[in-house]
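Two complexes follow with chain A in common, the first pairing it with chain B and the second with chain C.
Moving on, here comes the complex of A and B:
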């Protein structure tokens, strides 16, 4: 998976975790296209959504990110690079 | 139950796998089951430690303790000294009935549509604890496909109309009252169920707009088209209530659009302790200790709208 694919996967995973901030702000295409990045804090994830996103990343990549350290990743783009790097 | 929990927990190799187990339990357990699980976990925690597992596998007891304490803490916000006596019965994997038994003629059945998070904006036992089990039976419907029930529920029906028909079949005759309730992605299905089954009341919390792309199956008017058909047939008998967070502009706009499509009462919930009330409009009510009274009024046909709005604004008032 390259970074663009990582971004596409992550955008889908957020929807699956009931995180609609990207879609609501009309930012999905810009994020997937690599034209935009945003801090995880801007996604307004609750604790359940954070857990579900970590679960999804682990299922997809086998790499364990836990809710307690999820926000150590500076942005959604950084998370996409992580996903892409692990699956490359 | 404790043995199957411990067995499932022992099979978890990562924190995320443990979280899958805990989320699944939060989406299904009744308050009594949570209390029983808490009791057993406490008993085992206080028992003398056995030999360490030679395999070195994590035992997760600390994480279990944090999880169950947090869940019990949220349930305790009801202020009730004992767990409500709902017994859980799985109808099909995505439909669960909670009842304390007794004559259904004297009870209200609440048909509850979970949002795409598979819950009612809070763990299911927490929601149930805020209802009176002697007065309510609750059926919780989940859409594992997270498509707003448009593809139905396996084992029940292939679309929303079929699901509503099947779940509602006979219930209107056997129960004293039947109402529907839905949160987030379950909001529109709850209104749909109320209108299709000619229920006394339907409640949507943080539900979608009638024109949301998910509901444009019937053309540009979205779900408003079938809703108007049902409304005409019902002759205005069904009471609809739309609840949204005061600081969730998308949800407020969705509720406004829904009220243009169908007659409905609107309640905006304020945040508390200086925090905004966003999509999860039930959270300030839960944390403010007024969720039980709010649900009682929200699920009751002809209830006092002024009192509902006072409760919804309680956090706001407390902040002033």
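Moving on, here comes the complex of A and C:
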């Protein structure tokens, strides 16, 4: 998986975790296309959504992520690189 | 009604031979076996005696441990009855199993003799006796000890290997009493007698004086066979259930008036509803375990509720208990434990599993369940299969039921991915109905809408789910398909 694929997968995973901030702001295509990045904080994830995203990343990649380490990533793009890097 | 006269001595004090003799005396011409042609109880008794005499002449005696490899169902039943009256221990070494598996089972059970109608099924270093055998029954020695172990059955172990469990004639008779209704039935089972459960029900049916109907070459349609041989009770597995619904595609009810019974793997509620609408309204759902026989049965109208297996059968005591072994009130799911007449006391060569499953006189089948206020039992799933995701208890069955309610899904299997952080992450694999297509994403959303946090986090669509030869889904094999992409590279 390259970074673009990582972004596409992450955009889908956010929807699955009921995190709609990207779609609500009309930013899905820009993020998937690599033209935009945004801080994780802007996604306004609650603790349940964070947990679900951690589970989704673990199922996809086998890489264990907890909410605390999730927040260590400065942006959604960085998280996409993590996903892509692990599965590359 | 054939069995309206009482036997001379109480049924539970009879040996197999006494029971067969009693039936032959009371109902000499009643069909005991129907397979195209009919065999009455008097003729069956005579054939069994002559076969036992032939086996005895071939050196088979009460000390022998006999592996039966006979695919022909009628011949297998007669051979089995012959061995029972000789009092030797028997174990089916199914003709469809590999030589390696048959040899391993024979080693574990201490099989000394292979009884087969096919010389290719012999096993090295064991005496092979070719079936059929016939001899002079006048000097035959009948074994009269009802407490001697005479049947060994296979059952799933907890480590992936099979366990062996032995039963005496008295234990089989006690189990058979829970099927007293067989006395007036003409029973057809679609699974071969070489399968554990079919064999024991064929024996129960014989003991109760019923009629065992077998498939025979001339008729291939189940509906035609049921009509031609006047079947009153048809026993099917989950695989057969789906096939029967497909066969009932035309107008009307396929097998109206026939009792349809299912056991083993649960038949999903939607499929049960289809069976009742299109095959027969007389659908019964049975809960049973190899270690004790039938436990409970739900009749028409009782199993409409999800997971309901009905009321306990006579001779069965069952509780649901918490982790400390304390009985739970109705409406609270817990670990099932039970005592039943004819129950085994342990496994033949698995002390660890015996210690785990048989404790203080109770048998722990490894299922979770609960009663409702009306005394109906609901089996929620396997204790071993229960998933705990971040403290949330999730049973595979609830995921499977939801996925199987999707019109494109034929069958689903849910299982856990083990996570060091989250516990068990539920995932699922599905097999689709013929001609159907659906994307995993659609199924994920479908499940999420209905199960929310209990929904599977990944779904695979497979051409076929891996199964045992009895149709049970092999979840261990599925597990490897869910390896994260990192592990697949």
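Here, the second predicted complex is superposed on the first by the 88 of 88 C-alpha atoms of A that agree within 3 Å, B and C clash if a C-alpha of one lies under 4 Å from a C-alpha of the other, contacts with A are read in each partner's own complex, and residues count from 1 in each chain.
FYI, a residue touches a chain if its C-beta (ideal position, glycine included) is under 8 Å from a C-beta of that chain, and two chains touch if they have at least 3 such contacts.
It should be emphasised that the depicted structure is a prediction, and the values quoted were computed from it without experimental measurement.
Shared-chain residue A:70: touches no atom of chain B or chain C. Contact with chain C, but none with chain B, is seen for A:61 once the two complexes are overlaid on the shared chain.
In the superposed pair of complexes, A:1 makes contact with chain C only, with no contact to chain B.
Within the superposed three-chain model, A:16 lies in touch with chain B and with chain C [touch as defined at top]. Within the superposed three-chain model, A:51 lies in touch with chain B and with chain C [touch as defined at top]. When the shared chain is aligned, no partner comes close enough to touch A:78: not chain B, not chain C.
In the superposed pair of complexes, A:24 makes contact with chain B only, with no contact to chain C.
Annotation: chain A residues 16, 51, 54-55, 58, 64, 66 touch chain B in one complex and chain C in the other. By the touch criterion given at the top, residues 14-17, 19-20, 23, 115-117, 119, 146, 184-185, 250, 278-280 of chain B touch chain A in their complex. Within the complex, the chain C residues that touch chain A are 389-390, 417, 419-422, 425, 427, 441, 444, 448, 457-458, 482-487, 489. For chain A in complex with chain B, the touching residues are 16, 18, 24, 44, 46, 48-49, 51-52, 54-55, 58, 64-67. Residue ranges on chain A touching chain C, taken from their complex, read 1, 12, 16, 51, 54-56, 58-64, 66, 86-87.
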